[in-house]
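There's a structure below that I have some questions on.
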Amino acid sequence: MRPSGRAPDQMRPLTIEPNFTRHAEGSVLIGFGDTKVLVTASIEERVPPFLRGKGEGWVTAEYGMLPRSTHTRSNREAAKGKQSGRTQEIQRLIGRSLRAVTDMKALGERQITLDCDVIQADGGTRTASISGAWVALRIAVDKLLAEGKLTVDPIVHQVAAVSCGIYQGTPVLDLDYPEDSGADADANFVLLDNGSIAEAQATAEGATYDEEGLLRLLRLARIGCTEIFAAQRKAIGR
Amino acid sequence: MRPSGRAPDQMRPLTIEPNFTRHAEGSVLIGFGDTKVLVTASIEERVPPFLRGKGEGWVTAEYGMLPRSTHTRSNREAAKGKQSGRTQEIQRLIGRSLRAVTDMKALGERQITLDCDVIQADGGTRTASISGAWVALRIAVDKLLAEGKLTVDPIVHQVAAVSCGIYQGTPVLDLDYPEDSGADADANFVLLDNGSIAEAQATAEGATYDEEGLLRLLRLARIGCTEIFAAQRKAIGR
Amino acid sequence: MRPSGRAPDQMRPLTIEPNFTRHAEGSVLIGFGDTKVLVTASIEERVPPFLRGKGEGWVTAEYGMLPRSTHTRSNREAAKGKQSGRTQEIQRLIGRSLRAVTDMKALGERQITLDCDVIQADGGTRTASISGAWVALRIAVDKLLAEGKLTVDPIVHQVAAVSCGIYQGTPVLDLDYPEDSGADADANFVLLDNGSIAEAQATAEGATYDEEGLLRLLRLARIGCTEIFAAQRKAIGR
Amino acid sequence: MRPSGRAPDQMRPLTIEPNFTRHAEGSVLIGFGDTKVLVTASIEERVPPFLRGKGEGWVTAEYGMLPRSTHTRSNREAAKGKQSGRTQEIQRLIGRSLRAVTDMKALGERQITLDCDVIQADGGTRTASISGAWVALRIAVDKLLAEGKLTVDPIVHQVAAVSCGIYQGTPVLDLDYPEDSGADADANFVLLDNGSIAEAQATAEGATYDEEGLLRLLRLARIGCTEIFAAQRKAIGR
Amino acid sequence: MRPSGRAPDQMRPLTIEPNFTRHAEGSVLIGFGDTKVLVTASIEERVPPFLRGKGEGWVTAEYGMLPRSTHTRSNREAAKGKQSGRTQEIQRLIGRSLRAVTDMKALGERQITLDCDVIQADGGTRTASISGAWVALRIAVDKLLAEGKLTVDPIVHQVAAVSCGIYQGTPVLDLDYPEDSGADADANFVLLDNGSIAEAQATAEGATYDEEGLLRLLRLARIGCTEIFAAQRKAIGR
Amino acid sequence: MRPSGRAPDQMRPLTIEPNFTRHAEGSVLIGFGDTKVLVTASIEERVPPFLRGKGEGWVTAEYGMLPRSTHTRSNREAAKGKQSGRTQEIQRLIGRSLRAVTDMKALGERQITLDCDVIQADGGTRTASISGAWVALRIAVDKLLAEGKLTVDPIVHQVAAVSCGIYQGTPVLDLDYPEDSGADADANFVLLDNGSIAEAQATAEGATYDEEGLLRLLRLARIGCTEIFAAQRKAIGR
């Protein structure tokens, strides 16, 4: 029995509120249950030094948690003067995931930065960030297309992510915080709408797992991502 | 004529959404027009080293802007590894303002931290932060009173803040970004509900000003804060 | 009764020793009683990136306290690896104050940095810094004029600053440390020699204050700045 | 055809030189072909604050690359003043992997730190680090057992890691640098000697992959880790 | 011929102004010609962690240059967020030099920090710092003796330092900036009043040197330190 | 009697293993007894900003100790976020020493960085670093000569360094850790193969010393460096 009473393959209520803020070229407030992440996409007409003059673009991400997005207050990373290893690991994952669906030649020499800021945390903040970031990116790129700055759409797929884990011996989908902190294994999958895998990360916390366990988690992730893909399309009116 | 078409003594629409997030002891999303700040109040049963064993509490504040809360993206302070002078100046002001209405003896040896994070910026983020922080603090302290952890209310006044400035020769209330960036003088007043002043800061940007100018700005601030005090009370159901 | 025995509107002995060091284009040791600040003005023939190619100059300031300028030793900011919020707040104020009297077009594409280093602290270090910085700036600009690098004087006014406060119920001028640490309200005014106000900052420490209080403090500040303006002129031989 | 001429399921020559340095409680120089990592295990009779008084131990890891371990010199992280996101991600992975085979109650209130320093890099530094760290940990714990400080062996399994990837359409084992930089997918598996999985991370670089691809990579990893487990045992004389 | 016209074994005019500031337990403004260093000695009734409970004291030093103490402005170390290698090297040297004449048992569990801040630089700032630090330390310790906090004098010798160098083929004493920047070899000697050497550092800049050169520099240093020892005694009235 | 049983003028066994790693243009593992330092020389076809366009090259050094190169584990400087004063002092010394034997005009506009990483420490890490750095530099420059990128050899001398000290009243050569931590005086000499001195640093630790002591230490250093020069030549096959 899951603490939330959900079925093992049941996602939390999924909410996607596009255009949550007004300055960013793309923005969205995404909710996986009580986990709420604000994602903005910012377009800049320049690329990092290693790409200058190559005719290619770049998509990158930054991630942060508001100090009291969590059950007890965490210190503000800006005040501590550095980002934690966890923060850096997550923002690297978000960036890779979005780059996996972007054609950098088609994007041209510009950079899109996805800022993922956790307003409220209840497990799954990195997967909500990736799933929301795709919507923010889509909105921002649609503006470039509408303005004629791009003629070919550089976004070649949808991408979404969800966590799964083995909780009290049962593989379950979309872990919330009570499950996350007690799970034996904890996995994050980043999937594309054509069924292929962009990233799989599965970590044994208490007990280790085997092939069969890995495949069962992946199967749950497919169920979750199918639901997220639909919600993404609905959010942008397609 | 103000860019927004407002009368000189007219505030922007004021919105206060209490309990915006669920983990913090107090939280609020406050809007001064398009300026939106999320404020959370976190109670910790400990005080900074300089107060230990003195039987007094402490109220402090931290402030941050999400990277794309602004018209163009700013670098994330956590990634830069330090908070700007502006950030530190603002969080010091917020902390002082809230301490001005708190009886530290009555609060007892605990600390309340007010995290003010700007979701969207359109001028007046520090004054919105202070005005919202009072509501978050009030909610958090009400919990302590309800739980019997406090028997005497340590909050002795309401506090609110608003900006004023001289825009194209006319003193105006509650500057938005277009006014703020073009004003000749820019002032922030922190007022108490008994009419007294907790803090006045008035800076000449283009042209300097005189006593009469200072007093006219202060008079506008009183008009604005009266409106904010009412909205604060309404938000907490009093 | 003030701890020093001064009358409420009496400044501490004011000393201005121009050309205190030899390398800087302008330098001064200014004393407000036991508060001693060394200010140097350094001219560089370049401007910050945001001004390049605009034909305008820039005036900026940095502030520091020697570790044992204070009653008990403070940690060295260079050793701690960062400047405190207070330091940054003060250096921003000094910079704004001097820019308020400088015509940046007339200065041309060069930057003048005012380094204010507190040798000994007894209250009022920021106001002594501003008042001394004007003298150092004046000396440095006079060199540019003498060398023919400037033909039009970019300094359009004198600027000076002084602190005032409400000490045991009485408004007093130019607070020393014992008054500063016990004052109910603490204000700093930056005034121009034409009577206008460049900056007013008034903070309630123990008790809040009202319009009348604010105006009485401002009137004291006018008395103090008149004396400082005369001392500034005398120091540069005018 | 692999650049090195190896068969798809062929590891590079594996070398493990135990007791490479003399001060550490355990040390090893491990080589996966031209990748050489020095790992030391340091025992300290204290635990991090979050574990104090709980009767449990801790195993953690740090990772670094010598500036010229790579083809072109990288900046020294100590000189830059911070560890990169990649470094932090890797050292977190190493720590988790070793904790997966350690019984913290049996270890008692002491901490073992595994320092993994890359002397020469040619792909697979993190997997060589994990595989070598187990040997260093084993040697250090054997000393604790020999000295009678421990009576129950806290190491409950062997752990090893290896990278796999899809290179020019073919799944291959133990990528060297030329393969790593050109692979379509890149995976790292951390396996236990009982066949279970401690960690799986698979990232699509150029092309994404599917279940079948993931399983083929995992099968290769099992081949590689079997070889590493044997080499580990041989290195410690078992 | 020296740029200053001095004889090879001639020091610059030596000035020592004791009690230059009022808060520190000991303070001095020392001048070696145009090099001016303010040194303060601060007594704290605590020792660094590695000495706690051992019944011994500690003497340490910090060093800094005001940004415009030099011919062209240097960046402020507090603003850069770190002390340069040169700064750290110098403050370590100052600390060692003063510890060489202090009996830590006799000092008891307290720390004396010598802050050496360069007001104006013209070569020889580290040697002026050491020579001045002894006076500041002496004054501070005399207070401890006068107050009865110490009964045995922990200062067992005088210590002084001076630079020497080979300038255009000639060994010269007490290099000023023009000599320092053009010297073939540059040495700093820290000597005790009993003739023994606490520290010798000699660096070839342009040309290397031999034993004879080293000894000639040391002989010059003895001449200089004899003069400094006399000035130190005179400054403290002995 | 020395703890190691060596004669006062006896070096520890000296080992130089050239080409220890493969990516660097020059590399060497040097051993002074149990002190082992890996030195790599990296050539970059660019110079620091202050040398651009001057037709001159630059030689610089960085130094680090692996966390467990020492008897007890030291914190990793990359994790602490800064290099210690000791580290900076040592890397400055290494750089100066190598520059003393390099003709920067002959080197041309390129930089050679010598990374000295201590694998195992037993006293004398800085002198081993210098002595090994010369070999790494020699190998790297020989490549430039062989490739025809240089036609004139920019290395004009051999340079080597060794520590000496006064241990229990006796001057001894090449201190190991037990001697180093108990010595009354501790000196490092950097000598050239033509007999001249590049750098002499002698510090009194417990007792001070005199001219005669200094000269006796220098004479020991000559004996040690003669041995090192021979080993350097043998290592590069000359």
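To keep things simple, chains are lettered A, B, C, D, E and F as they appear, and every chain counts its residues starting from 1.
Note that a contact is a pair of C-beta atoms (placed from the backbone, for glycine too) under 8 Å apart; a residue touches a chain by one contact, two chains touch by 3 or more.
A quick note: this is a predicted structure, and the numbers were derived from the prediction, not measured.
Note on connectivity: the fewest steps through touching chains from chain C to chain F is 2.
Here the chain-to-chain distance from chain A to chain F, counted in touching steps, is 2. When each chain is reduced to the average of its Cα atoms, D sits farthest from chain C.
Taking the mean of C-alpha positions as each chain's centre, the chain lying farthest from the centre of chain B is F. Chain centres here are Cα means. That of chain A falls 59 Å from that of chain E. The centroid of the Cα atoms in chain A and the matching centroid in chain D are 28 Å apart.
Distance between chain D and chain F, defined via averaged C-alpha coordinates, is recorded as 33 Å.
Counting partners per residue, chain A has 81-83 as the residues that reach two or more other chains. Taken together, the touching pairs link the chains into one ring where each has two partners. Order of chains round the ring, from chain A towards chain D, by the touch criterion defined above: A, D, F, E, C, B. The touching residues of chain B, counted against chain A in their complex, run 21-24, 27, 34, 36, 38, 40, 42, 44, 62, 64, 66-73, 76-83, 87, 113, 115, 117, 119-121.
Taken in their complex, chain E has these residues touching chain F: 82-86, 88-89, 91-92, 96, 100, 192, 194-204, 207-211, 213-215, 218.
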